[in-house]
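Next up: some structures, all given as structure tokens.
Here come two complexes built around chain A, the first alongside chain B, the second alongside chain C.
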Partner chain A sequence: MKKEKNTKGRREFLKVTLGMFLSGALTSCDLSQLKNPRTMIKSPIRPNILRPPGAVPEEHFAQKCIRCGRCGEVCPYHSIKYFDVKEAGVFSGTPYINVMEKPCYLCMKCVYVCPTGSLVPCSKEDVRMGVAVINRQICVTWQQQKTGLMCKTCFDVCPFAGIAIKIDHDFRPYIIEENCTGCGICAYSCIADTWYENKGKKAITIMPIKWKKIKEVSLKSVKNS
Partner chain B sequence: MGIGRRDFLKKSAALTAASLVGINLKIKTDGVTLGESASAGENLMRIPEEVKKSPAYKEEDGYTWVRGTCRFCGTGCKVWLGFRNGKPAVIRGERKSAINFGFLCMKGMLFYKLFRHPDRLTQPLYRKSKKEPFKPISWEKAYEIIADEMIKAIKKGEWTPFGWSGIAYYGSGQALTEETYLFQKLFRCIGTNHVEGNPRLCMASAVGGYLTSYGTDEPAGGYADFDKAQTVFIIGSNTAECHPILFRRIMHNKLKNPNGYMVINVDPRISPTSKIADIHMQFKPGTDLALLNAIAHVIVNEGLYNKEFVSKYCAFHIYTKGKDKVPLLGHQVSFEEYKQFLQRYTPEYAAQICGGNITPEMIRKVARRFATTRTVSIWTMGLNQRTRGVWANNLVTNLHLLTGNLCKDGADSLSLTGQPNACGGVREGGGLCHILPGHRFVKSKADRENLEKIWGVPKGTIPPKPGYHTVKMFSAITYSERDKKRFPGLKPIHFIWVEETTPMQSLPNVGHYRKGFEREDVFVVVNEIFPTRTTEFANLILPTPFHFEKTGVYGCTERRSQLTPVAVKAPGNTKPELQIIVEFAQVLAKKLRRERDPRLRARAHTVYQCVAPFIEAAKKDPWWTLAKEVWSEYAGKVTKGRDNDLSGATYEVLLARPDGVQWPAPTVEIAMKGGTLRRFVVGKDPLATEFVEKHPEYRGWKVVDYGHLHNLPTLPPESRARFWIWLRPYKGPAEPPDAEYPFYLSTGRVIDMWHSGDMTGRIPELANDYPYAWVEINPKDAQRLGINPGDLVLIETRRGRNIIPARISTDEGPMEGMVFVYWYDQEKHRMINFCTIDAYDPGSKQPEFKICACRISKYAPARPLKQFLVKLVKVKGGYLHNVEIDRAEY
Partner chain C sequence: MARKSFWKRITIWRYLFLLACFIVIVGNPFTNYYWNINFIQGWFQSLGVGNLWVVSPLEGLESILTAKAFYMPSLIGMVVPVTLAFLMGRVFCSWMCPIEFLSFLTDKILGLIPKWGTKLKYRPDLIRLPKKLLWFALVTELMLTMIIGYPLFVWWSPPGLVGRETMFYVFYKHITVEIAVVVVVLLLNLPTRRFFCRYLCPLGATLALIGKWRQLVIRYDASKCVGCKVCDTRCPMGIKPSVGESQSVYCWNCAECVDACPTNALQFTWRDKGVIKVPSASMKEVKL
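== the complex of A and B ==
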């Protein structure tokens, strides 16, 4: 993900200091673990590690979120977890969803309990946590000639099957980026890792995107490999 | 931000600490492992020398590969099982196979994960009362107990024309052919025809259909016809999900030739299959007979029928109750009478009955297409699981006979089976109460005596009347007032041996029959690999090997037999079924010899004789040689000279062939070429050629129906050696919706879960996708009833109720006024067979799973649900199923 230019105000500075202090306290003041102090202010959101539904753009998220933990409390699937200071610095305590561990099932409960509007209430269809990208070199159905498999698991599990994900006449899946919510159920369910030549790699990755820029991002920058 | 600096500090510290501790969300397995699981260095391979020398073995890419078949569904895909470091690690398709061409679906690719699954049963488990916990016992003890209980049950019952009334065997379309054959041999030798199998629930109507139309069971063509056809007529089948490999073939052809290849899907529900259909005919459930007759009406009235084929090779038959003695034969009528009969079924009349989107014009269009192009019809449970399943089967075959769309390339009337060995094992191996191996009939004296001679047992060993069919058999176990009233003169059953199937989930109206299995005076023996809804009621659980852990043959839809050799060591203290039968029969024979009753004592020798040829092999090598010897008796002796002649298909041939052998294959030469693709065609089918040579009156015929039932000496000569077109009137379902129960309820399968979900539910990748079942509701109905997607819905029928989440989709799903539920879930509230009806076809005795009346209402808003599997749990004094510990909860 492209690195964001940070506008450091007093608040930001304070957070960094606090984060470092905390991290130091928790790891017995071993600051050598922080190889690059810049990780403390770099967003930990990356492929497959996403913000919950309805999150405001990432540059504002850490400021808006008060780390109250209510979104994780109401999440019935225990999908929402919190960053810890070691990996996230100032973003510690903010919620994330690791779709490979547990994807978001779009029950939309978290957005209504957020007290600060870090998660903005929206309907299921409008959620844009990220966009699914299929690696056609790994997907067992795209590699049909080699594997002889006809998996359409991602299509079967997608809550918007036929809208966000479609299959062609050979069962090969493709994503309609405009409609993909990035919930990650397809990535979680992908069985390509069980194929012996893939060495445990899954064929679908959820790439995080900027919420407000979904329309431009979709086709240009997140093209299938 | 309304938060102070101090608060922030506190909160973030607390949260960070919490996330460091972490919450473990992994699903805990509360099952227990009875046997040892594989250790890191252990070599699990058990490959016989004979297989190692054959083409069914290779070493490639650092893997060791053994060739066999897939265990899921009736397609019969050929697979390679790959071993890495002595452990099963991968499954891939066989490219040379004419069935799957190397393609596999997810079930087939992943079943290697079940070989050393922690839930596997590895120890015989016994309990005297069904309330006690199970205790592990030895095999010797288990045999003693079964023999004692069996003799006790025999004595409780009485001798009847169908044999001992107290004991029964319930087999499976998943058991290997050798197993079904030997099990039924044992039970017939003990002296009972209470031999049934779950194929009664899945394809008995197809057997009835083929027997009446062809005079002999099983289809005339095969999958190869898909490639040469111009039209595929899919009725009552969701091929895309239930037979994905065949669907790929259809789809491939459609893609190659989008305008010339037409797919017609006839189904009340819009399924994934409809997506490639050019015409989707959506009709009210249970009105298919009217629709099929209307298509025939158009074909006959517009003169589209094949005059030569009809006049030369077809006869017309009708069964009138009261007038005809044998329903299978009926009596002959003329073509004029058939025309007269069809006059009622005008397209307008049918469209009015069928409802949905059916218009008279659509029926005419389909009929014209059917008649003028090469057509393959395929169907599965949509037609079979009906109270008039046999009639529906006849009517589809009628269309093929009228238009001459049979016995030529690209034209066939093909019933797809749902289980891997329903055709090979049960239909051919004699696994039903009314049939004997080699397409023989229990009722026929000649067939019985012939078989007794082959077996070397005294004359009269096999009782002369068929035993109880499935619904009657389980009614005889339940034996309540309702059952006694339903089947007058019903004799109770006190002992049942269930093999590789789970009737306590798969039977219709299962709530009623579960009461029978709960009874303390019914002794239940179950052969299983995993705890199931049936082992829950067992007195004795016998652990058996999984697929590829034993040797045997599966016979798929298109009459094709394929061998799966043993390749993996079975876990713990499991024994292959064949060894169990052979060892048990010796114990039983010993016990019978000591009985006072001369009828029982006389059976001792018969029982011993039944397994005598295999005792040596069972001692020496139960994994390979035993199966080979049973097969050589079955294929070489029992099927020899029958229409399903497999005597050429020895194990050597089956190992060498990449895709098995299609019978008839009377010689090794024919078998090596793959057997017979097209039945009944003189010159292509060795039996047809032989038949014409024997009977000079049929000289010059291109097609001859040599079916046994159509060549009986009592028949008029105009009916003999011909296919029969049956006159079958329209009849609706047993329980149509009414004011109280206004919805049609239908059931089915999803792609990744297979039948009861005992195996596929334990493969984590598949269970993630389909953790629980759901009900599909038409969006219009859902809106009317205020049901949102994911809401828990209460489904009620006259027999039971279910609470199950809803799925509402605009582009898929049932028609208005119908709901559709998947039956793989084992949770009590989501087991839809508590609701289905146990009315059955009077001809085939197959229950009507597909149609009953129900009502639905919103029960609760959406909430997350978990997968549920029956497991064994260690308790004080032994093992119990998790469902038994707290009955109310599950």
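== the complex of A and C ==
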């Protein structure tokens, strides 16, 4: 009698767990994209929305990050913000920097508190959050025939002025991609949006990149350094 | 026999400790934001106190499982909580977890209602599931994590969310939708006390698994027991200490039964004293 009761309980229980597992597995992934598991979940990183300095390549970032929020708490400029579940799904709680709201000033405090190696300690010069791209159709100095302005704000604010941004004989800025850290200070302070023809567009965008692309840095070599 | 005097009750210290931990977790974003004091950072997924790093075992494990790489500081951060669980079992859940703080606060507030107070405070369980569900919750969580390829518990862990939402509120002046997880977990407390902690919490399951051979256990002395069964009603985890279940894996050493017992038949003991035998349902017959 007692044994029978036990078996029944077990069956019920197995049903409940199996159901829970199956429904959970089915609802949590996009079935149309099951062909390639790598693309099942799309990263919310896009132009001007970047990972904090020292971040490992994006495909490893959300796997390593445990969303403890320590990088955001030590950031003295409060540049680091966090995705929530509505905009980023399983990337919820991972840090990002929106350079148009507040760029990164490369104080390098966050990399030393990360407990999981998502942000790897590195020096200022080695940071590769992205790369600045100048839109020459919008930049007021590049269009000086039309605007008659000579602005070199981006050159003045760049922490690596003369190394990452150079200006030619007409004060027209250009980016040395190998040296650009992607901190976004130039994009934040660009004044091209105030020129009436640009309709609020800034001339500089920070494009997110993989470290590899510029410096051939793999996850392995990042860990050893 | 009368109740124990106020300061001799272990639960008082537990409540004070829970309150202290809650204040640290909730107050820490304020100190970080308004005074830039970075002595303590983070919350229970990873807490940094000075140079000490604490990484929660399950979150650290998920990070290792999905990234398929070890990172030494993260492993070192897991040493403290794992050692604690080895020694004392699920004490994180009962003595530190902010969800437990909020749950006991709800229980205390329910207890203030006149007439119904005690009945509501120690309400019988309306939904009862097999306790083994805890282990399957852990396995399901780990499997889902590995199928999707991204750690899941790191962003929906209710104890972490309490700290995280406070931080979001202080830093960015808004609260995210994940707060719903905390609300649901607290609402599940109403039909069954600590429903989530009992059956669904993967972190609790990890700690219980580590603490299976813990040193600190509650000893049940059958010779002193008068069979009043007060302990059974008090236990928030739905364990019956009166039949010798006090040393089971599901016990989280919260000391509610120790304080409720009128004859001191239940007491904390270190296992190395050698008076403990393997717990079983037939504990009544076993002479201790």
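The rule is simple: the second predicted complex is superposed on the first by the 174 of 225 C-alpha atoms of A that agree within 3 Å, B and C clash if a C-alpha of one lies under 4 Å from a C-alpha of the other, contacts with A are read in each partner's own complex, and residues count from 1 in each chain.
Keep this in mind: a residue touches a chain if its C-beta (ideal position, glycine included) is under 8 Å from a C-beta of that chain, and two chains touch if they have at least 3 such contacts.
Note that the structure is predicted; figures quoted are calculated from it, not measured.
J.: Give one of first, second, both or neither to describe whether A:70 is in contact with chain B, with chain C, with both, or with none.
T.: Second partner only.
J.: Would you sort A:93 into first (chain B), second (chain C), both or neither based on which partner it touches?
T.: The answer is both, since A:93 touches chain B and chain C.
J.: Applying the document's definition of touch, where does A:116 land relative to chain B and chain C: first, second, both, or neither?
T.: Both chain B and chain C are touched by A:116.
J.: Have a look at where A:78 lands relative to chain B and chain C in the superposition and call it first, second, both or neither.
T.: After superposing on A, A:78 lies in contact with both chain B and chain C.
J.: For A:188, decide between first (touching chain B), second (touching chain C), both and neither.
T.: First partner only.
J.: Using the superposition described at the top, list the residues of chain A that contact chain B and also contact chain C.
T.: In chain A, residues 63-64, 66-69, 76, 78, 81-82, 84-85, 92-93, 116 are touched by chain B and also by chain C.
J.: Looking at the complex, which residues from chain A come into contact with chain C?
T.: Answer in residue numbers: 9-10, 13, 16-17, 20-21, 24-25, 28-29, 37, 40-41, 60, 62-70, 72-74, 76, 78, 81-82, 84-86, 90-93, 109, 113, 115-117, 219, 223.
J.: Where on chain C does chain A make contact in their complex?
T.: Residues in contact with chain A: 28-29, 32-33, 36, 38, 41-43, 45-48, 53, 55-56, 59-60, 62-63, 66-67, 69, 71, 73-74, 77, 129-130, 132-133, 136, 140, 143-144, 147-152, 154-155, 160, 163-164, 167-168, 171-172, 176-178.
J.: Of all residues in chain B, which touch chain A in the complex?
T.: 1, 3, 5, 8-9, 11-13, 15-20, 23, 25, 63, 82, 84, 89-90, 92-93, 95, 100-106, 109-110, 244-245, 248, 251-252, 254-255, 276, 750-752, 765, 768-769, 811, 862-864
J.: In their complex, what parts of chain A are in touch with chain B?
T.: 14, 18, 22, 26, 63-64, 66-69, 76-78, 81-85, 92-93, 101-102, 105, 107, 116, 140, 144, 147-153, 156-157, 162, 169-171, 188-189, 191, 194-196
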